[in-house]
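Shared between the two complexes below is chain A, which pairs with chain B and chain C, respectively.
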Partner chain A sequence: MINRYRASAGIMLAPAVTLIGVFVLLPMLLTVWLSFQDWSTQTPFSNASFIGLDNFYEIFGPTSVGRDFKGALANTAIYTALSVIFILPLSVVFGLMVYQRDVAGGTALRTVLFATYMVPMIAVALVWSKLYSPSEGPLNQMLGLVGIGPQPFLSSPRSALISIVFLNVWQQVGYFTVLAIAGLTQIPGSLYEAAKLDGANRREQFRFITLPLLRRTLLFSAVIAIINAVQVFEPVALITQGGPVGSTNVLTYHIRRVGIERAQGGLGSAMAVMLMLSLIVVICALFAFANRKNDE
Partner chain B sequence: MSVAWTSKLALAASLALLPVTGWAQSVNISYLTHWSPETVALLEAAAKDYAKTNPDVSVTVRAVPFGDLLTTLRSQGGGSDGPTIGGIYDLWLPELAHDKLVAPAPDAVAGEVKGAWPAGVVSAASVGGKLYGIPNEIDVYALNYNKALFKQAGIAAAPKTWDEFKDAAKKLTNKDAGQQGFGMINSWAAGVVHPFASLLVSNGGDLVKDGKPVLDSPQAAETFQLYEELIKSGASVPAMATADANTTGPFLDNFVSGKTGMIIMANWWESALKGGMGDKFADIATAPIPVGPSGDKPHSISYSWMTVVNANAGAAEQKAAWDFLAWLNNPKSGKNGASAMSDILMSMGILPSRLSDIETHKEKLGSEFLSGYVSVLADAKPFPVVPGGQEFSESLQQTLEALQYGQVSAKDAQATAQTDATSILERAAK
Partner chain C sequence: MSARSSDWLPRRRPSGRKALLATLMLLVAVASAFPLVWMVLSSLKTPAESMQVPPVWIPGTPSLDAYEKVSGVVNVGRSMWNSLVIASITTAGILLTSMMAGYAFAKYHFPAKSLLFSLLIATMFLPPIVTLIPLYRLVGSIGLNASLAGIIVPNLANAFGIFLMRQFISGVPDDLIDAARMDGASELLILFKIVAPSVAPAIAALALFAFVYHWNSYLWPLTVLQGNADAYPIVISLSRLLSYNRGAVNTGLVMAGATLAVLPPLLLFVFLQRFFVDSIVGSAIKG
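On to the complex of A and B.
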């Protein structure tokens, strides 16, 4: 009986497992294998030659290859951290605003917030590159009205990455607001009523009911926000080309430059493996942190 | 004859003709370029002219931003469905040929090119003695300056030496008006490296000699020093220098709006200047690159572009592609004895490289803007075409940008540039 059950479960799982194996696991394993090879992306896999850890020594070495990779890794980490730091609190604030039943126009606000997520990145990039324009950009004109001089935004290595982060936050916050609202709907109203009877004010209700019960939603949002941020590519490719002075050169853009433009497939794969490992470490750390909080 | 019989006969005739129509099947070829929509329209019009005498060949044109051109060629050129023809920068050729992405030209085309183009341009389109593309344009760098700003600053003539250049840059700088004397470029490899290389060769130096980088020379030290001085004095403002993926952006906006006094740029941006400046384009003049303390006379950097054919395309597509390119670059395809390609290039202010085209367009090449470029062509040094050239360019770009933003000193920038270039070119040569 158990054997028959196992066989039928195996048959039913086979299509999905095969698809995942072919389209997800196989490319990942192939990337890991290529990271130990000297290989040009323009040649067949059979031309790859094993070079051990040389690609990894190179990308962490002192040459321009190593410097550019470490710079791109740092830029990606900063971009990801800033995106999550801005997006999560804003999504909760907007979620609370929209979810309040006594606020008029909540549905309209929800639609407007989510609309930014639906705008194609090419349109966002075009508009924001003009908004940030140092000479004719509306942002600088508005700053000028309140007596602040023109800001370089994308033209300075100090502000270019943060300018791209703001663009990302503007586009993504609506999606995460919808997730926050979904989390808020799961909190029973009776808890707030009981808290009110006990004399809890709004701030206390937020701190002791809303925030703890939103933890699972926020964990999910954080994981998705991190994965989205790590994969940033379009705004860099469309607006800054990784500059100035490599200040917006993020890993996906850099891997494309190395692996495709320069056809250095082995080096590009080693960089992709490091990106994958970094992502796994961060996500595992996040889950471990969340589990520890749950245990407390 | 009844309608039924007529239909049957028509069907039979159609079936009998099927193999014949199959033999006359049209060949579809695609042309990948980074040109603007207006220029693409001219190329499409030329393809239509070609189709009049070659109805079995259909040419479609696809344009991508310059920043995506090499990536598109590399990612799509490996298959038969990729672009059949691609317009490429000569620096990319050694690696594209090494990776067998581009096909050697047939003997007839190679023979024609060797006889009708200058030897230096033919050499830039060849690897290991084999010709891989039909050269079409040549670009050279010169000093562009705004005559109106020069007049306001009381400068009588274009600077001839670095001392005059630094003096003019200082006089043209007006921080309160947001005006810089000399405009550098950043966020675009060629835009950063070519003006620097032009100043370097005009100071008697070189980027690469006999396949090895020579950025550790005293001439290079002086050029890095010049950049540092221009930045430190405020005559060049890096925040005004940014370029975007389409090789436009603030650096162009600042020059066309009269916020930049001088810039070192190639002839091809004539159309961008005209588009941005309108009537004020008349204020722009061209002069040779100022000569440095170690230089003998003005020199600058030149580079060429060519059209190549996808080595992985089908035999019929390759044949049709070479035939189309031979027609496009033939003196009979354009107006008044010029090639159709040269007419397209001249619409953008780009110098054609075929000798007969230069002769035919003599009058337009004598315009105030372009004549300045034509005059420096003879003493221009070709940008080194070596394996790893693109990576070398991008690495030097990073170093120069770090110098622009004051992150490194001129001395450190020079040392880093030489070390990086040595490691990149050595690895690429293996």
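On to the complex of A and C.
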């Protein structure tokens, strides 16, 4: 009997394991291997020649390759941090708005918020490129109504990256709101009743019950938000092409430009490895931080 | 339920609190809906209206001219068809591979099971750019580049699907499966005739997620197609609208194109949002 099911397990697993093995795990190992090679993306893998850590020296070096990569790494870090800083608190506030029962319309609000998550990023980029348009764009018109002068948005190196962060927050916050609601439904109502009996006001209930019990949800949300943020590509590829003056040159865009368009496969792979390592470090740090808080 | 969630608002008279909360909720909803409403309205404007400063909010004489013009710039019918083919076949593949693997992880015991599961799940957290360069070369070397097959084949299985299916299939009672085995049913028959119907909502959710994700997907098709316009999905065709006739004149055109690409995933969501939301909640809580 046992053997029969072992064979069945093999058959059931074979398609998924083969596909993920060939198209995800193998390429991941190849990325690591290629990062130590001199290799053009237009040639077979067999043309690669080992050059040790040269790719890594180059992407962190003083030449234009190094400057561009370090710029892209910094831009991605800023973009990711800002996205998480905006998305997490907003998702909790919106989640509370949907979850409360004092005012009707929570479910309708959830529908509106989550709908933006269904919109293809390319359409988001197209629409926001017009919303941000300096002269005839509606955002500057509305700012004008409340007495704020026209903003350059995507056309100035100082505001371009943050403008793309806003676009990302707008698209993604609905998804994280639903995650926050899922977390809120897990908090037992009896805790609030007990707190009320002890005389805790609403703010204290939020501070000492809601927020601590949402920690696991928020940790999960932060990890997903980080992984989503480093994938930003469409608005940059479509609207800014990394500019003005490199201010929106983020890693996904830069790695593709180097590794595919310029066919510098070794250099691009070294950059991809650095991205992977950075993500591992950031996520481990996040977990360590959350667990430290746990022990308090 | 007494989990009161307007806790973060300052304390006021109850009616004042409610009015404030309702106003805030309305503001959030308007801000969230505004870009899409503006997109649809702008797609109906005449070119003269799109250029006007200050802008015209509601088109005076709504016209579908912009939609007609989109068809002149890009092959809308062909691109929509390509998107449909890509999203449908990929979704079918993901459903099949995820159900099979999810069943194995939920109901079989085999050596190194948890190790294999962790290895697969880890790929869920891998941003696609990390594997893009070798994958591009790999797909090229098996002759699938610049084709729809090249877009589809690498995506026929994914970790999220396996994870979701395992979570839900674990909840199917073993007795049900054992009874079918006693009757001599094969494992595949059990999976499709007994297990699948009892996790139908999860399958629907996965199907919707996969369909929308692969309808919207941009980076991989752009990379693998390398300019083969015949195989462009709608999201890639759209990106050509922005470079066409740069300037305010093309706002209506761009918005019409964006509206066309948004409609299929948005309609699916509006009619089936229960499944979307349930599966996110399910995967977050059980995870």
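Here is the rule we use: the second predicted complex is superposed on the first by the 272 of 296 C-alpha atoms of A that agree within 3 Å, B and C clash if a C-alpha of one lies under 4 Å from a C-alpha of the other, contacts with A are read in each partner's own complex, and residues count from 1 in each chain.
Operating definition for what follows: contacts are C-beta pairs under 8 Å (C-beta built on N, C-alpha and C of every residue); 3 or more make two chains touch, one makes a residue touch a chain.
As the structure is a computational prediction, the values presented were derived from the model and not from experiment.
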{"item": "If touched residues of chain A are counted for chain B and for chain C, the larger one", "value": "C"}
{"item": "Chain B versus chain C as contact partner of A:N55, first or second or both or neither", "value": "neither"}
{"item": "Partner chain in contact with A:S129 - chain B first, chain C second, else both or neither", "value": "both"}
{"item": "Which superposed partner A:S155 touches (first chain B, second chain C, both, neither)", "value": "first"}
{"item": "Partner chain in contact with A:I260 - chain B first, chain C second, else both or neither", "value": "both"}
{"item": "Touching partner for A:L251 - first (chain B), second (chain C), both, neither", "value": "second"}
{"item": "Contacts of A:S91 with chain B and chain C, given as first, second, both or neither", "value": "neither"}
{"item": "Which of chain B and chain C A:Y5 touches, first, second, both or neither", "value": "second"}
{"item": "First, second, both or neither for A:S163, with chain B first and chain C second", "value": "neither"}
{"item": "Partner chain in contact with A:T63 - chain B first, chain C second, else both or neither", "value": "first"}
{"item": "Chain A positions touched by chain B in one structure and by chain C in the second", "value": "41, 129, 133, 135-136, 237-239, 256, 260"}
{"item": "Footprint of chain A on chain C - complex, ascending", "value": "1-9, 11, 17-18, 21-22, 24-25, 28-29, 32-33, 35-36, 38-39, 42, 50-55, 57, 96-98, 100-101, 103-104, 108-110, 116, 119-120, 123, 125-138, 141, 153-159, 162, 187, 191, 212, 215-216, 218-219, 222-223, 235-236, 238-239, 241-242, 248, 251, 254-255, 257-259, 261-262, 265-266, 268-270, 273, 276-277, 280-281, 284-285, 287"}
{"item": "Interfacial residue positions of chain A with respect to chain B in the complex", "value": "40-43, 63-64, 68, 129, 133-136, 150, 152, 154-157, 237-246, 256-257, 260-263"}
{"item": "Chain C-touching residues of chain A, taken from the complex the two chains share", "value": "5-6, 8-13, 15-17, 19-20, 22-28, 30-31, 34, 41, 44-45, 93-97, 99-103, 105-106, 108-116, 118-124, 126-131, 133, 135-138, 141, 170, 174-175, 178-179, 181-187, 189, 192-193, 196, 201-203, 205-206, 210, 217, 220, 223, 227, 230-231, 233-234, 237-239, 251-252, 255-256, 259-260, 265, 268-269, 272-273, 275-276, 279, 283"}
{"item": "Residues of chain B that touch chain A when the two form their complex", "value": "67-68, 70-71, 74-75, 78, 95, 99-101, 178, 186-188, 238-245, 250, 253-254, 257, 259, 390-391, 394-395, 398, 401-402, 404-405, 407, 419-420, 423-424"}
